[in-house]
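Shown next, in structure tokens, is the structure this report addresses.
Think of it as A, B, C and D in the order they're written, each chain with its own count starting at 1.
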Amino acid sequence: MKKLIILVLLFFPLYIHAQTNLQPYLTLEDATRISDAAEAKSKAEGWNMVIVVLDAGGHMISLRKMDGVQIGSIDVALGKAKTAVYFKRPTKVFEDAMKTEGGGRIATLPNAVAIEGGLPIVKDGIVVGAIGISGASSAQDGIAAAAGLAAY
Amino acid sequence: MKKLIILVLLFFPLYIHAQTNLQPYLTLEDATRISDAAEAKSKAEGWNMVIVVLDAGGHMISLRKMDGVQIGSIDVALGKAKTAVYFKRPTKVFEDAMKTEGGGRIATLPNAVAIEGGLPIVKDGIVVGAIGISGASSAQDGIAAAAGLAAY
Amino acid sequence: MKKLIILVLLFFPLYIHAQTNLQPYLTLEDATRISDAAEAKSKAEGWNMVIVVLDAGGHMISLRKMDGVQIGSIDVALGKAKTAVYFKRPTKVFEDAMKTEGGGRIATLPNAVAIEGGLPIVKDGIVVGAIGISGASSAQDGIAAAAGLAAY
Amino acid sequence: MKKLIILVLLFFPLYIHAQTNLQPYLTLEDATRISDAAEAKSKAEGWNMVIVVLDAGGHMISLRKMDGVQIGSIDVALGKAKTAVYFKRPTKVFEDAMKTEGGGRIATLPNAVAIEGGLPIVKDGIVVGAIGISGASSAQDGIAAAAGLAAY
């Protein structure tokens, strides 16, 4: 009896995705926890950032802009997060691809910002959203994004 | 034992949404079946239509434009479907609201097309997408959309 | 002597704007306090909302989307806040104007969302930003926005 | 006599375009047959794709998104097809041009996606539309697009 329940719970995610067309999603609480961690890391390092969390459809769950950040970083952070959720990969993958022969083609890819700082948020193998950060160097943006993701 | 399984299956949707943050979604097969039904109804009535099905994030799963339809109907069908999924209601609700005193404010609502022919697609109380149709009169667009939805 | 100090303090803001070209601005801490108050009021009333705070240039300082809110409310909340800061008035002023004869012209006004729920944030007679809320009825959106503003 | 008929048939299309201002166009049936062939090839190879067919004006006739494809592929497939019809050439031509000296200028060309997977659809020497595919590697996108075109 107990075994059955455990078995049922164990195969839940698999069953859910395959049989009943269900998928996980992010809550505002998730987004806030992720953003708090990214902001804490940024403050510890002395970086001012825009921190964005999007849902699986690329829509905003939360955004916060620390004081003094250039306004251009708002759309950059949004663009990085959108890229990560639209293409299910870190924006750094595109940044690296730009450095290869003919990599300039990435600049013609609709909705792709090829600069580090955007990371998909994944649960049970499903992309549930993304975090995008802009304000410091792209490498620093990436570090803050990773710190945020670690809190999910 | 059998009872337990039934009970578990019965409370699945509730458990899923509340406890594990899972939600249902539309497949291409769903979208095709819905669109086929809408097209069949349109053909039977002698209407030429653009038929769009969007997912829960407002992104296209499928679009088909019957021969001879004005190209303006493409964005109209897309806009109606987007309205239905963005605002979780039939576009006719906005069309009717436009007729009330001060209803003109609806024309300033971002992403709202206030013309019949857009319907949300709902599963287990969750909006999983929308159908949008344009090509004939708005009332006829609405009839075709309802015929599509009935096939879900 | 005391009188002089009071007098000086009284005319200080005016002096600052006129003589030194300084103006007050919103911080992320301000935006968070305002949003927390709006969210607390919404929760107390059982409303799910998108809560946006913009700066004096109409750029986002913060956004949060409570769970379950229709995605259409994101652009609506943004639009309301933008209207309030672009036109330095509550969006309800435009909503009321829509009800007068020829009021439909408001629908042609660029960047004007004529629906209650957007309020300018003012300090020392200067518009420093705006709050925009969407998710419930427009009257309820307005109540939540006012609750947010009261915390500034 | 027979010779004359052959001659007439041979010069007919040319005659039509020059004398009567007529041009061939794609039907939904054409678009569906093309898309079915592209989808069949994709399934056989285990690729998930977005498949778009546009008309001679760059407007959608049909779109289908196979399950599990990243949402970013929707705009990429649309962009590739638009490029193919706007510039009357395969998108691979631009991808190759990007690799030449100064090729980065292609990234400034309006409406040009320089990534393989977009092909013009030609009848009697006239571009009647385009197919655009995205979801796998760009080379695989190109193979699926060619498979679709072969069914026209």
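Quick note on the criterion: a contact is a pair of C-beta atoms (placed from the backbone, for glycine too) under 8 Å apart; a residue touches a chain by one contact, two chains touch by 3 or more.
Everything numeric here is computed off the predicted structure, so don't read it as measured data.
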* Asked: Among the chains, which one keeps its Cα centre farthest from the Cα centre of subunit B?
  -> C
* Asked: How many angstrom between the C-alpha centroids of subunit C and subunit A?
  -> 29
* Structure fact -> For the pair subunit B and subunit C, the C-alpha centroid-to-centroid distance in angstrom is 33
* Asked: Centre to centre, by mean C-alpha position, how many angstrom separate subunit C and subunit D?
  -> 48
* Asked: Mind pulling the subunit D residues that touch 2 or more other chains?
  -> 71
* So, with touch as defined above, which chain pairs make the list? => A-B, A-C, A-D, B-C, B-D
* Could you pull out which subunit C residues touch subunit B in their complex? => 70-72, 75-76, 78-79, 94-96, 98-99, 103-104, 106-107, 112-115
* Asked: Hey, which residues of subunit B end up touching subunit D in the complex?
  -> 27-29, 31-32, 57, 59-67, 71, 74
* Show which residues of subunit A lie in contact with subunit B when the two form their complex. => 1, 4-5, 8, 12, 16, 20-27, 55-59
* Where on subunit B does subunit C make contact in their complex? -> 57-58, 83, 85-88, 101-102, 104-105, 107-112, 127
